[in-house]
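Structures incoming, each one as structure tokens.
There are two complexes below, and they share chain A, which is joined by chain B in the first and by chain C in the second.
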Partner chain A sequence: MKILVTAKRVEDPESKIKVKPDGSGIVQEGLKYKINPFDEIGVEEGLRLAAKHGGEVVVVSIGTKDVQEQLRHALAMGATRAVWVNHAGALDQLGIAALLQKVVEKEKPDLVVLGKQSIDDDQNQVGQYLAEFLGWGQATFASKVESLESEAEKNKVPAVALTADGKAVRVVREVDNGLATLEVQLPAVVTTDLRLNQPRYASLPGIMKAKSKPIEELTPEKLGVDVTPRIQVLKMSAPPARKAGIKVPDVATLVEKLHNEAKVV
Partner chain B sequence: MSAPRPNPLLSDRDVDFQLHEVQAVSRLFSLPDFADHSRDTVSLLLESTRRFARAELYPTYRAMDEAPPVFEHGRVRVHPALRALYAGMVDLGLLTATRPPEVGGQHLPLTVHAVASAYLMAGNLSAYGYLGLTLGAAHLLEVFGSPWVRDTFMTRLYRGEWTGTMALTEPQAGSSLADVKTRATPAPDGSWRIQGSKIFISGGDQDFTENVVHLTLARIEGAEGGTRGISLFAVPSRRPEGDALVPNDVSVAGVIHKIGWRGLPSLVLNYGEAGDCRGWLVGQPGRGLACMFQMMNEARIMVGLNGVATASVAYHEALAYARERPQGRPAWAKDASRPQSPIIEHADVRRMLLRQKAIVEGGLSLLLSASYQADLAGHAPDAATRERASRLLDLLTPIAKTFPAEKGFESNALALQIHGGYGYSSEYSPESWLRDQKLNSIHEGTTGIQGLDLLGRKVIAGEGAALRAFQEEVDATVERARAAGVEAAWCDALRGALDEAATLTMELAARGLAGEVEAMLRHSADFLELFSVLAVAWRWLDQAAAAREGLKRGADGQDFYEGKLAAAQYWFAVEVPRVALLAKLCRTAEDSYARMRPEWF
Partner chain C sequence: MPIVLIVAEQQPDGNLRKASLNAISAGKALADKAGAELHLVLLAKDPAKLAEELKGTGAKAVHTAAAPEFEHYLAETYAPAIAALAQELKADYVGMASTAQGKDLMPRVAARLKAAMATDVMAINGSGADVTFTRPMWAGNVFAEVKLTTPVKVFTVRATEFPAAATGQGAAEVKTFAAKVEASKTKFVDFKEVKSARPELTEARVVVSGGRGTKGDFKEIEALADELGAAVGASRAVCDAGWVPNDLQVGQTGKVVAPQLYIAAGISGAIQHLAGMKSSKTIVAINKDPEAPIFQVADYGLVEDLFKVLPALRQAIHGLK
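This part shows the complex of A and B:
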């Protein structure tokens, strides 16, 4: 089984993120970066599937040379090799999906696993576009039936299950009122939710092995994709600071204020 | 129990600074043994390790403190979380990381391993304890074990299948290992029958691996008295017989009720009560202590690191608390209608925080310098560099072990103090770290023993070669600091303290040569403290230099560098002047306690 997974480089939520005074973006200086946590879950799921059914996990990332850090991270976790689409500058979700489509056509995986969204822009679009462009089935928001504390999690069993004939995957997905189970014919696109698995920690032996694993370099030109964004970011601003709350002496005053000032009751 | 609030354990920014801006650890990567490593591999490893420490180890720390091991039916049951935690640490690769590829390692520099370990220790020192002990035991077997001993015991220890202990102490032989009484008599099959009793053996039993191997000091029947009659044996709790493991007549006689490190049992062990305990000789007969001492530097560095880590986690807890806890108002604004200020706005609270920062970050820097020398001592291609590094490491070891233990305890007390009355309650963690920290001035040689070691042995070793190497290191740092534009007064103060220490050492050594050994050693504790203040001042000047360089480069994080400079200023203002007093006590052999008779108390 060949599995393609993604590894986007995103700002580490532990660093303090500030918007530039002119609203043109965020202040990059001093920021730390990491692999998008949803993607990391995708890498883990791919590794578990490959461990169970045999095969390889190929990881792809798009961006400047810096994204090699995230590729190395996935390689250290156990991915077999990496594809780096070298591109500097803005990209929108359609451009990313178009690039991934070309990579998929080149690599011909049985399954593509992506994070359902990335924690920087929270768009939740790329997996769906990609499935559409490829004309493949999709199962988004893959989750797990058991809790993450379960024995199954401890034994690192994949939550995305290959059917007995090996031609489809069964995916439990999070929906508004619970869990739904889908079966999708392979090849397919799966996007991950947070409760799918707990990604492993890269080990020192894994990190050292990753050094000699190949990273193939591609470019949008080589892939023949025009990535001119169709979406423009006009302005960024921090959410307005919340005003301090007030204390009210009793319930009557609370109801009175909710009614007359907030006009919610 | 609710999850503890997140705690960074160590400052990531500080760790990067210390490794790359202060120490330039990448210089090590040019040594052939370390050539596979790079800044990238180091950062990936630290990323994994700190995440593991924060997400897995730290959340179990309180639970282990509250539910210490249980002794039942002759076996010790430890906290159930330890099984997965131990396996997790082994999976990270930290058990074998610094070892050569032949035994499954990756030749990671100790300097990097030390930092990674510090995160684990700060997260949950007891859990790390099993790893540290196993590492030490396996390393001993690797260096001194016969092929059979290595195959049988070392490989399983390094694979994380069994754990190890260091079994030295007996009731009558704590500081004085010359008095070890456990006996070994030859058995026909080439092994030895062991009989005796050990106390305080940490990790001596647990229920998450199937076996424990005790690296045990014992005296071969008929051997001479004193340290030269002591040999080292590998004594498993269960010995291999054919394909099975059978009980090896090592029994747990009791669990010590401890005030800290409560996730790691310390036991009384009886060997050979039924006359059926086998051990296997490690190294030459009579060389047991020498073998142990070869590992002692590393063990003592681990203790020092533990001191730093335990002070660090409490410092970060206190820092977060001080930013949040509203209490009182600035001295100039007593108007009660004004909202209360967070206590970090009070200068005296910042005094306590800055002192902790100076101790924690100065201590970490000292430990990394010592580890750096250990890396050179073990891996530099030329013999002269190895020898110099090894002397320097010997000199730094008692300081690197003791400073974080003694000043770390003070730092842990300050963290508690910042929490006010809440700090005195066991609802908050600072009290438990304070309890944990106390052990570090006791095990692996008490502070008293370290003082004697430094003054009686280390500073005078090689006719002063160690001291000269230290002087060269300090000189190089002063030069760096002057070039970086660090305050001249600090540079001069460090030079002055160094000269004072060197002269004093000569005087005391001369006193020893003249046969006045008691007067030479009388203030060994003060001498050790003097050297600690000096060595940490050296580390703070180096950090100040790196901070100035960072500011000049316009590197981001100006706040970080300003904080470094303020901490350095603190050390030079508050601690370095004490060198003169301490030197005077040593020089004059001030005799208050020397004169004091036991019956006068």
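This part shows the complex of A and C:
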């Protein structure tokens, strides 16, 4: 089984994001970067599937030379090799999906596993665009039934299950008011939700090995994709601040405030 | 005249998903600004009943297509039908509520229409051809004003930011269209509903949420919620632990809520949780740790053990009645 996973470079989710005074973007100074947490979950699920059914995990990222850091991270976790689409400048989801489509056509994986969204743009679109461009089935928001602290999770059992004939995957999805299960014929696109798994830490030997694993370089031009953005970000601003609240000493004061001041109880 | 097409959603229980009404009022606001007509579309096994309901929301027309394949939603069967209708109508905008279905479906519709898309639209700005959308980025830490430059523009709407459209006013024309159902590579297996007697999280007037501090014991959270007629929510940590079902998760990647009153008990207030609840009108935080970030967004903070506070709070509120 060949599995293609993604590793977008994003701001560390723990870092404080500030908008530049002119609204042209965010303040880059002092920011740390990481693999998109949802993509990391996708890498982990890909590795578990490959461990169970045999095969390899190939990781792809798009961006400047800096994204090699995220590719090395996925390689250290256990991916076999990496594809780097070298591109500087803004990209929208149409452009990203078009690039991934070309990479998929070249790599011919059985399964593509992506994060359901990246924590910078928060668009939640690329997996679905990609599935439609390829004419494949999709199972978004893959999750699992049991707790992330369960035995199955500790044993790194994949939550995305290959069917008995090996021709489809069965995926439990997080939807409104419950869990929906789909069976999608391979090749297919799966996007990950937060509770699919707990990604492993890269081991020291893993990190050492990753240094010599191959990274293939491609460009939008080589792939024949026009990535001119069709989404213009005109202005960024900080969300309106909430007015400073107060600490109350006890329950009686809290109820008095809720009743007479906020008038919500 | 330009056309705004809004996709209405049927729940597995056959009822209209309420967020559809919020998306319809966003569609109306957009139609007003863009000088456009508002049309609605509904796919279902039997759309007649919901079409009646949608008729009175002030739209110009309600387009429905019936097929046995539409009983269980699949992006692969719904997207071609909606995209084909959008093309037939020459719709300029196609939108839907940012529900799980909206987020799964609309990028696939957009891909068929070669359209750029904005997710979680919170506000509509400008007019005519210069309409722009405001949407959150970086877990709601940044609001971005974006312009889509493709001929057709696709979007999903954050329901909490728009009022629900009233029903029972005006009478839109209900038109049926023949949707070609394409063979699907995806099969619906089952849907396990998490049933609750409490109001739906995103629609509730009051939400009582618990975090790590509950250590998995939600009895007092639930008791207070029932006293207030509130929905129960949770932080990501307690969902991950399997203490409560994951559809109770409030946060950027879970449910985004904006009730009149949000009570956070034993929740520290990670950025991703705050993104899901900081538009609430009044926020109460109860936490033993005075340094917990949740206090920075709370109108009223109480530094105390939630197991002491919640029963007392419930009794005091009961006493008001």
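In this section, the second predicted complex is superposed on the first by the 244 of 265 C-alpha atoms of A that agree within 3 Å, B and C clash if a C-alpha of one lies under 4 Å from a C-alpha of the other, contacts with A are read in each partner's own complex, and residues count from 1 in each chain.
Just so we're on the same page, a contact is a pair of C-beta atoms (placed from the backbone, for glycine too) under 8 Å apart; a residue touches a chain by one contact, two chains touch by 3 or more.
For clarity, every value in this text was computed on a predicted model and none was experimentally measured.
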Q: Classify the contacts of A:192 with the two partner chains as first (chain B alone), second (chain C alone), both, or neither.
A: neither
Q: Give one of first, second, both or neither to describe whether A:205 is in contact with chain B, with chain C, with both, or with none.
A: first
(Q) One more residue to check, A:30. First (chain B), second (chain C), both or neither? (A) first
Q | Larger contact residue set on chain A - chain B or chain C | A | C
**Q.** Touching residues on chain C, where the partner in the complex is chain A
**A.** 11-12, 17, 74-76, 79, 99-101, 103-108, 110-112, 114, 116-120, 132, 136-150, 184-194, 200, 206, 228, 236, 239-243, 246-247, 252-253, 260-261, 271-272, 278, 281-284, 290, 295, 297-304, 309, 312-313, 316-317, 320
Q) Can you name the residues of chain A that touch chain B in the complex? A) 29-30, 32, 34, 69, 72-73, 76, 154, 200-208, 210-211
Q | Contact set on chain B toward chain A in their complex | A | 12, 36, 40-41, 44-45, 47-49, 51-52, 84, 88, 91-94, 97, 106, 108, 556-557
Q.
List the residues on chain A that touch chain C in their complex, please.
A. 11, 13-14, 17, 19, 26, 92-94, 97, 116-117, 119-129, 131-133, 136-141, 143, 146-150, 168, 170, 173-185, 188, 193-195, 230-239, 242-243, 245-248, 250-252, 254-255, 257-259, 262, 264-265
